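Each of the next two complexes has subunit A plus one more chain, namely subunit B in the first and subunit C in the second.
The block that comes next holds the complex of A and B.
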């Protein structure tokens, strides 16, 4: 399908342009800061002019700005994210474990969002009356519970009072990781689950009242089959897109949850690097998170297009 | 899509604006607005409402329960929770208000220009919107704080930029729907300038949708600002803020969750009320009622 390939190529080009602009902004922003990178290196001490010049040459600060940017970009594309100003560690080595934590956390939360969002949405769409009203109310409240509120309340109830889960840390074994990540993942998933449930309910209701479903009912097709092949199949496009967008949004929200639970993920490293003014680490994490966010957003759109031929037709026409 | 539906269905109200507003809001919307009004009044009258200073510590009176002297008890350093909550409403509401006003000031003119012109100007606005969309708001705010230091000012300006594309998209799609309306052609033929058409007619017609979206933006801006304060990057201690109040992790771990739970409930209720009002103003009721009517018609 050449039209689809064309669409894909256009979206990919747009993505690359966006990433390029974002990388420039992330790189430039550091130079707007009142404290210069070399002053972080020297702490509070006043270096001699020769030492300062040597440090600037070492950091590559004596070259013109654009040259430095392209130099940095080439290294980033080659997989070298620079060296931490504080620990003198390569940034890639420093971010290995935190990245693992964040990815696990986001995946766990994504699983909860898919199960809870789809489940609650379908349940309320297929059971009009008191079930629907109850779930709709619950979902409305859920969309107003931010991750930092949820994490504080969940720690208080399930970690401190009941002692079922650890209040902080990442755990040692695989089972320990899962146990330690349960409360953070739930906190992270609440708002998005509510939004996905709402979209699922609306999409399912729309299909339920459509002519093709009524025809299927009159043909005597079983309820289960109608839901699977007529309601869900047609509602899948928007649900998949919204779910994907929500999961992409988790990347930024995870910063808060990681800090609340002391998980030691990317977000927590970001906050401590911000406080220490460790610019290369801040740059690397921001760039990573933006890139992941953009790629996930595009993936969500593409999945929506793949599932729904009508949307594909509309956007390639 | 919904913008168009709302524009088509909404009939100019014959009643007074106050009653029209009431019927648009419905019962949940009216209850929510009443709650929000209460929060605003509390924020404005804060010093008159609380006899105690929100920042006075008294270590002998830490973690007290509800009492006549301290309605909602005291926190880990013996500060009055009710006073901190009421004074905290000031920063918790002023920040998002500034964000929404700034974002509206950028997005409405840009959105109108993008909807009314073709070619490079519309393209430029759309590309800019796409690029800013690519950066999550919270991340942009953290980056800004990393550069300019923690505080309300950096957080507010970063979030204003981050929320501009959301509002701009709504303005663009609503204004484009208006542009296809016959009245625009009529006015154009009469020689009315595009600027005048936009300001006098289009802006008024897309007003409810934009105000609704702005209200929803207010809710999410409140959450993001509170999250930043929770991280220690927004409102700085000892100043009171709802996000700061939720962030007292030591109190939670020592099993004194009173302040955290109270502030959490207030944040959730406020955001819920804002989301309900925003959805109603933005015309969700119109589309939902329209859908219900359609369904009923099909059944009969």
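The block that comes next holds the complex of A and C.
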């Protein structure tokens, strides 16, 4: 186990380094992209040069490139993510609601991916013939439906025509949130569910035809037990890795779905903040996304390690 | 299906505006020159509201326009979302009726001469926390427009104001450096909202930020705003003007960025009403079963879409070339094909939507303008100017299909008359920069703009793009006659006399075309069947309109 702790420590250190590099890269690219926050503040009006200078000084935009970056870094290390240049709202307050939306959406979609992906994959691997063919067909279609197409279709069928789910917004109560997020989560999960189902099917088939499973069958071990301890457990490694990657990818993909359903999540705030060059907000969101991506991957790896002692030995050796 | 947001951020140019009717009166009586309101919905001519609400409603959700508000401070940003929501919290100190008539609100006004404006605070006016408004608050609120540190978007409208002084227990006097009858109109926009001085001083830079809110005198008070998706107002139970008390207890604004999402939200009733509906949603919403779409007639908004010149040199700097481009443009086809009939051909930048007074005079003059495109004569003009085969660059905002189509039509028209117009789509932020940075504009000969004035007066539009120091005069256009006529109109209170001066300036601008008019937009409003009282005119941009929404 100390080896596992060491591994964790190493990965966390890697996370910090990644965050630092990412923050600098993002900062530089915002700095170099055209546009400026003060032009947002002036709307369609041409300010006098003095007024423009006053606004820039007020927003701290008159400082040199690196000074501004280190200034920001010092504040973040002190636990302060800063204030939005455009709305003068603390960044943490500004990101509260969007974060809630995106996290719930991604969790919901992840649950669908795990249940549908694993379920369909296993069902298909264990029932060769018509079930397998049917599911394989379905999965092939699913992996070809991008989220923006899925959301359009789902909105028009289940929200507009049938009226089962709201086509727009986040709802008010917890139940309302779940109802409102159902269509977005399904739209988001379709492709990934298909991919996970494919990987699950392949891994399960491979295990199914392996020697230890055949031995177990010949020894008369129950089918249920074979699936649980011999097939699933051995197939778990690749499935966990792919699922982890897919779920981490949802963070970035959710923006399309958020836009279509008017959810006001992190992705939408990121886009508008990039357009406004609202540097502290963009930085905070990017850091959140990078951190979430790394942590999700780490979680997937850890799950794989916990399930499979061989991998544990290999990675900690 | 996903059409990117029809963005208007940088397009919206504001001129705190005036109805001349108000300027000419001494105590707010506006007889004689009331705008006849070109805001006729298809439902009934001359209608300015969808109906009259008589009953209260617990909660309503409305469209707050194309993006969340950046700030609740009434002065910080003059754009659709801010001017849609803020007047309900921070009403202008003068009352603007749905037909644009200006009358006594929290203050009464009197303009004894062209350089003085006296405001008298009405008894019983309170902030939404129940405390009384003082003359000091009124003066402070106006003064904020003049303070460079506040960065008021409305600053130019107060350019002639030299002094704001408390001159009595209930009176505030404005002294102008130059004769100016247009300040009254600026006070009838959110620039004239009364904010509580103590609250502003206490909150400092964060005044108006989503987590802080505002303290004003409107029929609603600030409840909560997450800064990104949901802004909640509650009825101001201390509202001083009991005759205009709000019918709705909780008024929520949402800001779907995607037009498709807005259409779905309206059609399903998640959002119950919207003004300024993107024109490309008209076909979808026509078939909605839970509400009605109201379409204004020609001139139902003062929004005009133009080709604005941005360079003092180059191909388009020659007036003849501009005349040729304008002459060849098939505006009727553009209005019908690109805007689906929800816009009208516009032959003068200050078109029908801006005629708030002397309407007949303006209309008669407008009728004389040539309206049939003449490509042959235009090509000849280009030849005469020696510009055959010359190039120019035109920039437009990417993201909405109509701007792109319009740019393509312009390019084709230019080609027909022997000009090589290169068109360039700019991402919104880069496009927005064109308005604040001469350096950003340097690469382009002309850009697409969408202008509006809050209250209809052609003078304000003309001053903006045709005056030497106009806010969007980016091509360095300067004509002494035009400037003189504009100054004369600004200093004239009589509507007929002002119209004469305005027309004199416009006849010159028609020839010189520092901005080429293309189309004027019609009002497009959607309201759920269970609600009524929605405004059908552009006056909502400067009035607490949400107070009128309720059940029949």
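Quick note on the criterion: the second predicted complex is superposed on the first by the 267 of 317 C-alpha atoms of A that agree within 3 Å, B and C clash if a C-alpha of one lies under 4 Å from a C-alpha of the other, contacts with A are read in each partner's own complex, and residues count from 1 in each chain.
Just so we're on the same page, a residue touches a chain if its C-beta (ideal position, glycine included) is under 8 Å from a C-beta of that chain, and two chains touch if they have at least 3 such contacts.
Everything quoted here is computed from the prediction, not taken from an experiment.
Visitor: In the overlay, answer first, second, both or neither for which of subunit B and subunit C A:32 touches.
Guide: Once the two structures are laid over each other on A, A:32 reaches subunit B alone.
Visitor: For A:293, using the defined touch cut-off, is the partner it touches subunit B, subunit C, both, or neither? Pick first, second, both or neither.
Guide: Only subunit B is touched by A:293; subunit C is not.
Visitor: Applying the document's definition of touch, where does A:18 land relative to subunit B and subunit C: first, second, both, or neither?
Guide: first
Visitor: Check whether A:140 is in contact with subunit B, with subunit C, with both or with neither, and answer first, second, both or neither.
Guide: A:140 contacts subunit B only, not subunit C.
Visitor: After the superposition on A, what does A:167 contact: first (subunit B), second (subunit C), both or neither?
Guide: Both: A:167 reaches subunit B and subunit C.
Visitor: Just checking: does A:158 make contact with subunit B only, subunit C only, both, or neither of them? Give me first, second, both or neither.
Guide: It touches nothing on subunit B or subunit C.
Visitor: For A:282, select first, second, both or neither according to whether it touches subunit B, subunit C, the two together, or no partner.
Guide: first
Visitor: Give one of first, second, both or neither to describe whether A:69 is in contact with subunit B, with subunit C, with both, or with none.
Guide: Touch partners of A:69: none, neither subunit B nor subunit C.
Visitor: Can you list the residues of subunit A that touch subunit B in one structure and subunit C in the other?
Guide: Shared contact residues on subunit A (touching subunit B in one complex, subunit C in the other): 34, 148, 152, 155, 160, 167, 259-260, 277.
Visitor: Quick check on the complex: what are the subunit B residues that touch subunit A?
Guide: Listed in rising order, the residues of subunit B that touch subunit A are 127, 130-131, 134-139, 142-149, 219, 223, 226-227, 230-233, 243, 246-247, 249, 252-253, 255, 257, 260-261, 264, 267-269, 271-272, 275-276, 291, 294-295, 298.
Visitor: If you look only at subunit A, which of its residues touch subunit B in the complex?
Guide: Interface residues on subunit A, with respect to subunit B: 14, 17-19, 21-22, 25-26, 29-30, 32-34, 140-141, 143-149, 152-153, 155-156, 160-161, 167, 205-206, 209, 249, 251-253, 255-256, 259-260, 270-271, 273-274, 277, 279, 282, 286, 289-290, 293-294, 297.
Visitor: Spell out the residues on subunit C that touch subunit A in their complex, using ranges where they run on.
Guide: So the residues of subunit C in touch with subunit A come to 1-2, 9-14, 67-68, 70-71, 76-79, 148-149, 151, 153, 155-156, 205-206, 208-211, 226-230, 254-258, 260-262, 264-265, 267-268, 270-271, 427-430, 432-433, 435-437, 440, 449, 471-472, 474.
Visitor: Taking the complex as given, what residues does subunit A use to touch subunit C?
Guide: 34-36, 38-47, 50-52, 54-55, 58, 84, 86-90, 93-94, 96-98, 148, 152, 155, 159-160, 163, 166-170, 259-264, 268-269, 272, 275-277
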